[in-house]
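Presented sequentially are two complexes of subunit A, the first with subunit B as partner and the second with subunit C.
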Partner chain A sequence: MSAAPESKIREFILSNYLFTNDASALKNEDSFLKRGIIDSTGILEVIQFLDDEFGVKVADEEMSPENLDSVNNLVAFIKRKQA
Partner chain B sequence: MKGQLSKDVLKLDEAAEVERIGARLREACGQVLRKRGLVVAISSGIDSSACVGVAVRALGASKVFGLILPERDSSPDSAKKAERLAQHLGIRYAIEDIAPTLEAIGCYRWRDQAIKRALPAYGPGWGMKIVISGGLEGRINHFRLIAKSPNDEMHDVRLGLEDYLQIVAATNYKQRIRKTIEYFHADRLNYAVVGTPNRLEYDQGFFVKNGDGAADVKPIAHLYKTQVYALARHLGLPAEICNTTPTTDTYSLPQGQDEFYFALPYQQMDYAVWALNHGVTAAELGSFLGIGEERAKNVYADIEAKRRTTSYMHAQPLLVEAVTELPKIDPVARK
Partner chain C sequence: MCGIAGILNTSPGAPPARGSLMRMIEAVQHRGPDGFGFYHDNDVGLAHARLSIIDIDGGTQPIHNEDKTVWVVFNGEIFNYLELRAELERLGHRFYTHSDTEVIVHAYEQYGDKFVDALNGQFAIALWDTRRQRLLLTRDRTGIRPLFYTVVGNRLLFASEIKSLFAEPAVPRRLNLAGLGQIFTYWSALPPTTVFEGVQALAPGHRLVLEAGRMQLSKYWDWQFPSVLPDDHRHEQDIAEELKALLIDAVRLQLRADVPVGAYLSGGLDSSIITTLIKHYTDTPLRTFSVTFEDDEFDESNHQQQLVHHLGTTHTSLRCKRADIGAAFARTIWHAETPILRTAPTPLMLLADSVRAAGYKVVLTGEGADEVFGGYDIFKEAKIRRFWARAPQSKMRPAILARLYPYLKNSPAAGRAFTEKFFSEGLEHKDQPFFAHIPRWTTTQRTWQFLSPEVQQALADFDPYRTIQQWLPPEVAGFIPLGRDQYVEAHTLMSGYLLSSQGDRMAMASSIEGRFPFLDHRLIEFANRLPPYLKLRGLTEKYILKKSVQGLLPDSIRRRTKQPYRSPDSQSFFSAGQPAEYVAELLDPVRVRDAGYFNPSAVTKLFEKCRNGRAIGFADNMAFVGVLSTMLVDAMFIRGSMTAADVSTGNSFNEVAASAATVSTGVVK
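Moving on to the complex of A and B:
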């Protein structure tokens, strides 16, 4: 797993949703939705971020928590899309 | 406490409920809000109709003022039905077309600009609506633009963040302008403003903050929509209102509430919310509604997600520290 997507995603989530640079505020396995970090509108922002930052387009059927709802899930999703 | 889900759980003693709501409305106006009557905006939907009906029962027709506030995308039938309801109840009312105000403030321009970004062919003569998608299949809720061209071609486009937010922001002008007019008349008459959400709308945040969510008193926010229909029938409201399927009446194409927001039609949503509130398992709900356990789990997850994501809409403005010297008003009647 590349470290670059993980660190970019973590920085995006920490700065945009939690307004902090404290890395301990977010675990890679934390569910954004269950923890109330991101709502469904926020997920749209994440989708835009994936496109802008990694050139990854999210299809309708890929809009699942399994793909988008944690740092780990996002990193794995990007890896699959870029494979 | 766990409840037993059955067809009877939403049954209501309508006469007692009308009396209970009426007592609360009299107390709210006379002792809490110190107002002389109630303003109700009437869309002709079941909720606002039931609210104006209970308001008249509580205070008398002479102390209720109705407002009918159509705009460019409202169904022409809605205003006619609302006017017939006001006449049926014998209340004073005013009709004000808010389209020129919305035009002046840029509502339609901002909305159409965002729609054209998502669907460049969109233009004059088209119809449109937004529908929700994803939650029932266990995916993340997102919104789609459904548009119909003048030659009846249908288009379906997933909305990106910027376009979705701009369409909703522009559309929310409608509810906020209506509320501005309601408060003008309330101030003019020294009346209080009625908010008309039923329990599903209130619980799930299906309202516009400082728009239709703004009010001095919300008389049916504790009642499931099925119960609101029962109340309306008990109040003897016209059949054309009691038999109406709920719509948002917000976009130019007809739009059911369950298309835009709720996971299921209201009859099923009522049971789903009741079941979740009473500890009924997803398996039991799925069996009761005939939708299966997996789908019921997704419905529960969707209800809880909406509660989380719209909780800010119920909140008072946040302060850095409490201003404790102010008198507190208990929002719920305790009698």
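Moving on to the complex of A and C:
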């Protein structure tokens, strides 16, 4: 179960924000904000993705970099929500 | 309103050929369908395509002075021509027409190159002085009317639109990557740069003189702002009254025409002010036009209808569906002659079609009020960001950002932490004149990830901050902060995009002349001297303008927070997941690879994202529209594989969307 979200998330970020198949373009610890991968409206797409793909609903107060700002953070957030 | 074109020998050579002039002017016949006129001698040829508005019978151009030593072709209007004429007649000049054009030659005789200072209008002028063998090209103060030029061998060619220059086979057709990089950052190329190599744009407020083989470019007017907070002791009410009087006079002047004049009604404050002033202070019958959208996010029809009822105008509204935009977008690019990042010009082009169909040639609009009176959110953002930059660690200060953008479905303020990060971009540049624009340019530059490695390589040295810094006049850095923001806005987005791609070109596609009372230079000069708190008070925009029309407009319109004019972007090109035919063709990976500007696999991924309706952010939509419009520019102007005929008939474009947008007209009493 733990590997699946990670690869789905990686694929989503690579193809939707970096528009590439090159896996080396994204490290799991890369900050989306610091690297300019996702802008402030782009984060809404991530939230929709979490809902569509994992059935994870993100509350307003959960829209924080700690939860959403890297592949690692997203994986951990999903795990917490699904626990 | 018209089109102009011409050729000058910069060193002795064969006289400009009549055939060349004819081809050049025919290329802009849409600007002036009412007839052609020519002048030529050994070293110069001038051509004119006329849209008759003032002195229908006598105003044929070129126009000359008493002894035919000065000749002019001109696109635009001189609104104060009656006053100028009276003055010039008093000084002994004799006129042979009743046109506004003729004041130009006499004013030139009287005042020399300073004649431009006497003009209140929107213009692109080419004036030939036979005695001095001297060509003078000049453009209005804010860039309402276009003028381009290029030098090929010993000839200088100039014209209202670039397609006239390309009508001469000797003019090379190459995309200028530096221009593309600028558009994909600032939304428009910085004049004289254009997206075509070797083609120069004459900057607003400038004149270019060619004499004895020398070329001299000079600026005659610019936006000026105070360097310290102005000390204005007048009562606010008095300032508002003075502003109102100026506004009424600007509208009165701009209603001068020998044909009926209409007005655009967006539902917002600015166009409401213009239509209300026409109604209350002139005898002109009020005829209004507006665009409506099927998407609630963009539609303002409620507000439009409210004003239509309030004023009792005869009103036409054009309902613009997504598919209408997709179908007409190629024609938009044919007229705009540049890559663009939004589809917003297209509905205005379709609206101009319906104005034409209603028998009108001239419309007044509210364009310019936001730049002159501080109406844009970018000014509010900058105010908050400057406040924040003084205490960058503050948690409270950026919270004010949440008050911006209530009208956006997908607001950038949605995720607080992400919003803060976005707007904190470049806080260290708080003293730079372009500080306000950093977030917009950062978002826009997300389009760069689609550029091909070769183009990225060619643009490796492009630094958006250094480029604009070198381009801006040094005094801008000394203006008060809001003045800096307004200056940069007026010289990038307004003149380079709003007045051209979305303004002149879209209206002229249907031979419609737009007029912009808020850009009367007297109003700009008046507003620029005001203290900033009379424009942006707290986070209330256009404060003094709203005050000046108190009692004239319904309060619901007067107090309404600005909603910027936008239209659906990438959604316009797909219907139930199916792309418009020409879009599929142009964005085919092989086609994209052959053109060389973009990375085909990245474009394919973007295409799929848009096709699936998942592109909701600004960045993806700008990228999609930017890539598509660049591919259209390449097909139409570089390769010539797509022609004007394809565009005007809709050939090779999707059949589904070919039906015209819906027009409805009603008289409200």
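By our rule, the second predicted complex is superposed on the first by the 82 of 83 C-alpha atoms of A that agree within 3 Å, B and C clash if a C-alpha of one lies under 4 Å from a C-alpha of the other, contacts with A are read in each partner's own complex, and residues count from 1 in each chain.
The criterion applied here is as follows: contacts are C-beta pairs under 8 Å (C-beta built on N, C-alpha and C of every residue); 3 or more make two chains touch, one makes a residue touch a chain.
Bear in mind the structure is a predicted one, so any value in this text is a computation, not a measurement.
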Q: With the two complexes superposed on chain A, say which partner A:M63 touches: subunit B (first), subunit C (second), both, or neither.
A: both
Ask   = Looking at the overlay, does A:A4 come into contact with subunit B only (first), subunit C only (second), both, or neither?
value = neither
Inquiry  = For A:F19, using the defined touch cut-off, is the partner it touches subunit B, subunit C, both, or neither? Pick first, second, both or neither.
reply    = second
Both partners, subunit B and subunit C, contact subunit A at residues 33, 36, 39-41, 43-45, 63-65, 68
Within their complex, subunit C touches subunit A through residues 410-419, 421-422, 442-443, 446, 449-450, 599, 601-603, 605-606, 609, 614, 616-619
Contacts from subunit B onto subunit A in the complex sit at residues 133-134, 138-142, 158, 160-162, 164-165, 305, 308-309
Given the complex, residues on subunit A that touch subunit C span 15-16, 18-21, 33, 36, 38-45, 63-65, 68
Given the complex, residues on subunit A that touch subunit B span 33, 36, 39-41, 43-45, 47-48, 60-61, 63-65, 68-69
